[in-house]
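A single structure is presented below for examination.
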Amino acid sequence: MGQLDEDRLFPTEEGARALARALYERVKGLPIVSPHGHTDPRWYAENAPFPDPAQLFVTPDHYVFRMLHSQGISLDDLGVPRADGSRAETDGRKIWRLFAENFYLFRGTPSRMWLEHAFQEVFGLTERFGPETADAFYDHISECLAKPEFLPRSLFERFGIEVIATTESPLDDLRWHRMIRDSDWTGRVVTAYRPDAVVDPEFEGFADNVARFGEIAGTDATTWDGYLEAHRNRRAYFKEFGATSSDHGHASARTEDLPLPEAVALFEKALNGACTPEEADAFRGHMLTEMARMSLDDGLVLQIHPGARRNHSAPMMQLFGRDKGFDIPGRTDYVAALKPLLDAVGTDPRLSIVLFTLDETAYARELAPLAGVYPSLKLGPAWWFYDSPEGMRRFREMTTETAGFYNTVGFNDDTRAFCSIPARHDVARRVDCAFLATLVRTGRLAEDEAFEVAQDLAYRLVKRAYKL
Amino acid sequence: MGQLDEDRLFPTEEGARALARALYERVKGLPIVSPHGHTDPRWYAENAPFPDPAQLFVTPDHYVFRMLHSQGISLDDLGVPRADGSRAETDGRKIWRLFAENFYLFRGTPSRMWLEHAFQEVFGLTERFGPETADAFYDHISECLAKPEFLPRSLFERFGIEVIATTESPLDDLRWHRMIRDSDWTGRVVTAYRPDAVVDPEFEGFADNVARFGEIAGTDATTWDGYLEAHRNRRAYFKEFGATSSDHGHASARTEDLPLPEAVALFEKALNGACTPEEADAFRGHMLTEMARMSLDDGLVLQIHPGARRNHSAPMMQLFGRDKGFDIPGRTDYVAALKPLLDAVGTDPRLSIVLFTLDETAYARELAPLAGVYPSLKLGPAWWFYDSPEGMRRFREMTTETAGFYNTVGFNDDTRAFCSIPARHDVARRVDCAFLATLVRTGRLAEDEAFEVAQDLAYRLVKRAYKL
Amino acid sequence: MGQLDEDRLFPTEEGARALARALYERVKGLPIVSPHGHTDPRWYAENAPFPDPAQLFVTPDHYVFRMLHSQGISLDDLGVPRADGSRAETDGRKIWRLFAENFYLFRGTPSRMWLEHAFQEVFGLTERFGPETADAFYDHISECLAKPEFLPRSLFERFGIEVIATTESPLDDLRWHRMIRDSDWTGRVVTAYRPDAVVDPEFEGFADNVARFGEIAGTDATTWDGYLEAHRNRRAYFKEFGATSSDHGHASARTEDLPLPEAVALFEKALNGACTPEEADAFRGHMLTEMARMSLDDGLVLQIHPGARRNHSAPMMQLFGRDKGFDIPGRTDYVAALKPLLDAVGTDPRLSIVLFTLDETAYARELAPLAGVYPSLKLGPAWWFYDSPEGMRRFREMTTETAGFYNTVGFNDDTRAFCSIPARHDVARRVDCAFLATLVRTGRLAEDEAFEVAQDLAYRLVKRAYKL
């Protein structure tokens, strides 16, 4: 029983629903391949119990606290840490009750679906969550978290995760990944190379970061050649810890392929903190092309996650710091922006670039046409605000006709909310099965093909695209 | 019988349809709260009969005459007044017949649905409208209009309007509102503060308007302090006539929060007619932030209706003047545009800003993410060209997953077509019930919750958001 | 039997499906009117057999080879000619097998649907196409192509084409059209006037083209007056070969209405190869207005196909030349862009402009509002990447409520893939019937009206809009 409808997210018409159900039966048990995300490798390394329910479900989840904040609830009252590390409210139960009283705000959102899935499937809670059940939920989840079967590694196994990627900076020593590797645990946790701190001249402490980068990599990274060499070294090091991809989250999709002297000059300006915003942007854009060139050598898949206007509220940034729900999508252009990189290396079929967007208008207009012709380009799944039933449906409806299924790469959960991982993959599998069932029932795909594609979308494509 | 399908706008699948019908039964009779619109307060003040059918349904309705014009019918032949006030065609029956002959043009449009609803529900006409029935309709409606039960106040009551807002300029003396207040009629008609004439340096006669503004408000509005004081005074005066909101219809959503000397300098330039277009735009943007600051004091809700490129055709503007169907939507940016205002006052939960758009691409990309985190922001419903079944569906599909239902504010009819008011609210209620039924049938919402949300969307949210 | 579902593209709900089927029965046999496309008039003139299956279905179809290329298959291996005219692979059967092995890539795409339709309906092949059936298909199609009933004129007749338009440059001597006219064949093939080569200062050899243009037209086209006169002459000449339209495919929808001296100055700069990109763009924009003025005199319908970023990949352009699948859509603005032309001639109901877009975000925001008021504007159907079931559905959903059906112009196949013509019209008819059936079943249109509109959309509107 419980709150979860067995047929959720399937088409309402009975014929299509029955087929969606059959397709889903085929894929629901497939292992989870999570090629990009932000879970903390320390969890798997230390395998310590998660703290209280509020710290598991509310405090760290920007989807959750941004919605509560939108209705006037202060982040302080939710126990979200301030920029100085202090937390105004530390009583987990109090936070939990506030969350429960306002749970109705999540009606119609994917967070609601993920949370109910976690309550029911992870913690066995089948009642409806709300003010009346808040304390019972809190007590039950607290008890669970103390048990061995709710330790991170146990959940990892219970979730059926075949492999999960975390995301680290080149300045990270990968100590947790080393600890996992050196342990007797066989769970597969890999890293990914996210070099913002050393490719973005506007990143806090860029010059210092580059200096440290050189030290870590054993090169003089304050020279252009040494800087590129440091990237190559660290990429190789990340590969030792399973990395198969790099990741780049610039505000735009701008790329550049500058003549060497220009690139060197920008790099020197960047080290001196003398870049204009335009020059900083050009440098970031050029580094995408350099990363693509390195990918041709070392085989790392290049992920581009552009388009977030980060930390939109100045006062909230000052009080609470980064990543507090104030990243807002903006328009993103791809056609002109990617041309320098694509002209340089884009027709090489050995290169694999996974493109994401926060601007859904680009799906049919730019992304599908680009991925539908360039051998190096693949489309990442619906992302962030669009990692949702309607968002995923729009993704398929607006990309499939031009790019097909085989220029897409399966699902990314991209999450730091561990317990939402099975829920998110489940939503993706259901939405894809619903889409396929509709194609079959409207004569656009044969039924046996739909079964094959469903398995491709749930499992095979992501493994192939990310070389996992 | 008649032309109206009892189940119109509900899902076609029987299970979802039945649930939508049940939800609609619960909300269809709720009172109409109309927090923003352009009906003429004089109607309710004088309670005089409406003139002939053509002047009720054709001549003043830009939705109707723009469609007829698009097929080559001249506005002159439709009796639309020219800029000089003259009307080429004044024979109501002739206009009506031309309308009837071309009524097929409205197939698939919301105007068709509103008109049929008014014919059937307001005038009891159940035959299909067209050339054969044109005269019969004309005669019947004419007869009705002469009867007491078709006077504005009677219709107001028959429509179940609990409260309706009109929109007036600060230069308006609110005489009609005064007359309503002084009458023995208990219908609730409130005003709203729309200061374009005195905040837009490019408005015709801006400097004269500001001078008159000062006279009316009893301040010297040609000084910055006196100008702001005049706004405060007039806002207070409008509140005496029930105003709970101000309204701002700029071409963009640009806001500014200028240092005082810059604001003053722009104001002086504006009074001297010396603003560049960029400076005029900056001044309008700054005034939005000033209005928001005043809202913190006096509690008026701030409505932003951006994005119309007004009076697109120069020759038509010259011949026929403003508001003749030639306002065309354009791209609208919100993320950077609203930042100055939001940085100044946007995290204050006492402030209430209702955002509208004519650029649907902003729903999922900008508006829902902004309203889903800023306590001051709420999303206005689908507006103008999108006040339609497909437009409303897109609004819900593209905003709910990120902003939920509770950062939206119910429905606005925003109309000057009096008889369309029940039809428009009916369409909104049906589309929302259809959306909710689909959520329930796809396992995204519990049935009892859907009944609660349906009532929130039809009645409660608008009252709360607009403090009505 | 075969691969084609009789009910394909109809709604899944049985009531709507039954009505869609009935509507489709009424229109499926209507003659095909193809007012804009790129089939080769030489086919109809010479009536020679088509070459092998690969050269019919793979090598010339950018939809097909771009998808194959996107998965790393080289254009060389597909026999696509290089810019120098050479073809690396000339073995049709080898190309065909490669195509068949990768046919699964087209799952969910309109190409798949068009190809299956052609295999089954044109060639009688009812098995599924793929590696196992590749040779059998190749042999069967090869045999067919040698038979008289598969010659171009026979297929033209079998397809039920009432009239088809090709597209030619003013520099074309229309020899094939003359040959068709002088033959005893009664098939109606008309030309259309596409003057890119002589209105775009950035076109290869612009000055030489203009010189030749003058020679052909018998004027001194290097003077402004002679240049305009040359256009008038060639338009008149094209009309002798049935032309009822001109066609313009600029990168943007920019129009200009420059004062004469400015236009002349730009023209002279263009002849001298001295235009900046901005000036070239302004000149192209001005020429659209000149073309519109000529249309007022000679009645040619003006088609605007803006928004393609042509030949996106520099290395592919160098190796393979134009039109090799690397045209990518970009954002297109219409509201400001069309204003100069519309202010000049846009309210004249004698003028007929058909607007297309590769930027679907403009449908509801710009195109429907513009076409819904300007008498000269009509909306062309979903185009190119959006000539697909989902694309056509979005077109109707996003334009009908504001522009209605009668500001649209039926379907354009716009293809050079001859055998896909019946398939494409069939898809359009099915999608429109599905849309109409849904309107009826949701109470937005009466059933008898839907039958009338279905026939308008399939046949009447295109004839009227294109004067065919």
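First chain written, first letter: the chains are A, B and C, and each begins at residue 1.
Basically, contacts are C-beta pairs under 8 Å (C-beta built on N, C-alpha and C of every residue); 3 or more make two chains touch, one makes a residue touch a chain.
Just so you know, these numbers come straight off a predicted model, no measurement behind them.
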**Message:** Do chain A and chain B, two copies of one chain sequence, contact each other through the same residue numbers, with over half in common, or through different ones?
**Reply:** different
**Request:** To the nearest 5 degrees, please report the angle of the rotation taking chain B's Cα atoms onto chain C.
**Result:** 120
**Distance from chain B to chain A - Cα centre to Cα centre, in angstrom** = 40
**Item:** chain B, residues touching no fewer than two other chains
**Value:** 13, 361
**Fill in**
Seen from chain C, its contact residues with chain B in the complex are 11, 13, 15-16, 333, 335-336, 339, 342-343, 346-347, 349, 361, 364-366, 368-375, 377, 397-398, 400-407, 438-439, 441-446, 449, 453
**Message:** Please output the residues of chain B touching chain C within their complex, sorted ascending.
**Reply:** 3-10, 12-13, 66-67, 69-72, 104-110, 112-113, 128, 309, 312-316, 325-326, 328-331, 358-361, 385-386, 388-391
